[in-house]
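Just below sit the structures, each encoded as structure tokens.
Both complexes shown next keep chain A, but they swap its partner, so chain B is in the first and chain C is in the second.
Moving on to the complex of A and B:
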């Protein structure tokens, strides 16, 4: 049972901390910091479903987030939908797109798939930059009235924050549930040896397409929430290639294939990045430092922080997953 | 249209470097774009410092590329060979981030250009700019030299032997590590060279490499892996395609067409259009 697993409760503890900290001091700046961490955790947890569980590198993961943002913002500003329904609709729409894409693209193996995901990102970016209803390359803006249903802009910021935290918690629970399910075991089998998995009766193409689609849902919801909060969207913000890659760095840092590791890597890297970007002397070098960090992790500690923990405290394997 | 053909030859050259590394050591070199950008800036720096003919400056740039490639091989590639593909993707990408990061710090992301024009040739109503012709010729010459090197020299044969079967090559007395390092160096040299040629055609920023890296992927996949001359042909094809569609649709649609094509080709012809269906 999932309720007996410590990581399940750790997830809620994390969510509680996220809710309590900014509320205690009514601190909007802290809230803005934490929401970025929460979004990073959402993206990385779902990326982990592809990279960590299934062994397929998705370089274009950010496309789900950006597309979700576009659909959400479009539904709210042009169609006048409410935020929650718009966010869920964005998630469903992007998941269906991913499923259709996935059935085609996931015939490819390994590196070819990785390249195809870059292709998808660039193609979607180019498409949205030319798509009239979504404002082409200038993007879309939310009118101020769009925040009215949530009780004005000030209040709406807090509401979206809590919604993002909820999505974050859902992401981690989703990862935990999949990890111990039969479906998850099938994914691990594909990761270890796809040919053997197919021989044992796993329909690899369908499994991969489903997990690709599942890993699209929550990032798309988060995208809809975040771009609603920001009030504007344009193609270069929505489909930032660098952000997609940084997600991979976060995952490697924390430890691929583990739920808590993914969250830890996301949190640490996001804080490090904000620190580097705001520090006057180091802001130019944040890519250099991130790159060096990634290289060190890949060469010397490919199982990330969680790998270290497992090595030095073997008992932690049973508690943290 | 002809311009497209000429630019395509440069795309082909860039893709040859990628294709070589991919074919020989089964590594997708994600430093490629950064190296192309370094080639551009290398040309810019040399040209502003010496004001020599850019096509002469190509030689030192290729040499630097070779050394840089060997360095990157030792730093990031050697240790991940034989591990899962994810690791080599990530390690080359980390080098890419560092190069781009340093480049951004040095030159920011504002555009630069190499101010050099050759006289064009006019045929009837059309004028072909000299730079395009010279760049395409340089690309062709480098491609032919590479082909000669791979098929006619001892080192070239060693590279092909290691690509075919590393263990067997080791047993025949080839030091596969040195061979791989040199192959990687040549791949990077080609990237720098193509970047240098591009810099004589278009303005560029430190981030421009990424676009050419993506085009290189398209070209490599079109051509099939590890087929340098095929890559050149596919590059020309891509250039032609760009030249052919530009009059009819807005330039901003081109990436969509290219990558739509890329994904379709990947799915339909996983071995490349020119690839033979052998195991």
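Moving on to the complex of A and C:
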């Protein structure tokens, strides 16, 4: 049972901290910092389902987030939908796209699949940049009235914050549930040896397509929430290629294949990144750090911070998943 | 006994190489059928055709009363046809128990996680790996990895088990243990189709033997028949006295 697993309660503890901290001080700046951390956790947790669980490196993970943002913003601003239904619809739409893509692309393996994911990102970026209903390269803006249903812009910021925290919590619980399910066992088998997995009875093509689609859902919902909160979207901020790479760095840093590790890597890296980005002297230096970190992790600690913890405290393996 | 598996006129070509050509044979229920032949004769290719890794260019494979020609390996397992690999393929990062649980989860009975774990523990006891259940698969010796291959396949509850050189590379003691295990498997009503180069063992174990050479069936019959067949001696065994030598010891 999931309720008996410490990592499940750890997830809720984390969510509680996220809810409580900015509320206590009514601190909007802290809230903005934490929402970025939460988004990083959402992206990395779902990326982990592909890389950590299934062994397929997705270099274009950010495409789910950006596309979700576009669909969400379009539904709210042009179609006049409410935010929650628009966000869920964005998630479903992007998941279906991913499933269709996945059934085709996931016949590829290893480096070829990784290359194809870059192709998908570039192709979607190019398509959206030329798509009239979505404002081509200038993107879309949200009129101020769009925040009315949530009680005005100020209030809407808080509402979206809590919705993002909810999506973050769901992402981690989803990872925990999949990890100890029959489906998850099949994914792990594919990661270890896909040919052997197929001979053991796993329909690898379908499994991979499903997890690719599942890993698209919550990032797309988060994208819809975040771009609604920001009030605007354009192709270059929706599909930020570097974020895709940094997501992989965060995952490797924390420990791929582990739920808590993915969240930890995302949180630590995102805080460091924000610090470097806002520091006047070190702007854009975060990419140098990202590259360096990735090298260090790959060379010296290929299973990340959690792997390191497992090594020195073997018993932690049962508690920290 | 009724026929469990039948291949009729199966052929497979890779570019300019005719790997398997027009091979037909049957396996009966509760039978051990041996498959021998020189290196490169197409034995493993034939296995790969039977369990669906390769699609045959020609020919038909029936399992029970189902035509399984062209089915994928993961579909064939569900019908009760499991196999091991000549070059072992353990799921290295997972424990021995998890490896076998995968077999039980996605095998013929498609068990749920909990039931699969029970089955896996049971099978591990049968193959003598129970005390290694929680070790990572990568830490096993070659002999143990071969047992793990067999355990994973058995956990799928097959009606027919394909064993690809499970004795190769084992010490004489380990060979004896594995032979014991294969006998026990058959006693439980599972048919076995095995590729083997360890002649003494396959002569002792098999009810019948099929000999492949250059992708074609060279001979078929009981072990003494095959071992004294002049064509088989010329192509593979190399010694006309070998039949007597192989058959005398038991």
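Just so we're on the same page, the second predicted complex is superposed on the first by the 320 of 321 C-alpha atoms of A that agree within 3 Å, B and C clash if a C-alpha of one lies under 4 Å from a C-alpha of the other, contacts with A are read in each partner's own complex, and residues count from 1 in each chain.
Definition applied: a contact is a pair of C-beta atoms (placed from the backbone, for glycine too) under 8 Å apart; a residue touches a chain by one contact, two chains touch by 3 or more.
These numbers were taken from a predicted model, which means no experiment stands behind them.
Student: Now for A:141: first (chain B), second (chain C), both, or neither, which partner does it touch?
Tutor: The answer is neither, since A:141 touches no partner chain.
Student: State whether chain B or chain C is in contact with more residues of chain A in the superposed arrangement.
Tutor: Counted on chain A, the partner with more touching residues turns out to be B.
Student: Let me test your reading of the model: by the given contact rule, A:197 touches which partner, first (chain B), second (chain C), both or neither?
Tutor: Touch partner of A:197: chain C, not chain B.
Student: In the superposed arrangement, does A:51 touch chain B (first), chain C (second), both or neither?
Tutor: First partner only, chain B.
Student: Scan A:158 for contacts with chain B and chain C and give back first, second, both or neither.
Tutor: neither
Student: For A:131, is the partner it touches chain B (first), chain C (second), both, or none of the two (neither)?
Tutor: Neither chain B nor chain C is touched by A:131.
Student: Applying the document's definition of touch, where does A:185 land relative to chain B and chain C: first, second, both, or neither?
Tutor: second
Student: Quick one: in the complex, what on chain B touches chain A?
Tutor: Residues in contact with chain A: 28, 75-76, 79-80, 83-87, 89-91, 93-98, 100-102, 104-105, 210, 214, 217-218, 221, 250, 252-256, 259-260, 262-263, 266-267, 270.
Student: Considering only the defined contacts, which chain C positions touch chain A in the complex?
Tutor: The touching residues are 51, 53, 72-74, 77-78, 83, 85, 89-94, 98, 101-103, 105-107, 110, 112-113, 116, 152, 156.
Student: So in the complex, which bits of chain A are touching chain C?
Tutor: Listed in rising order, the residues are 180-182, 185-186, 188-189, 191-193, 195-204.
Student: Quick check on the complex: what are the chain A residues that touch chain B?
Tutor: Those in contact with chain B are residues 51, 55, 57, 104-105, 107-108, 110-112, 114-116, 118-120, 122-123, 125-127, 129-130, 137, 241, 245, 248, 252, 284-295, 298-299, 302.
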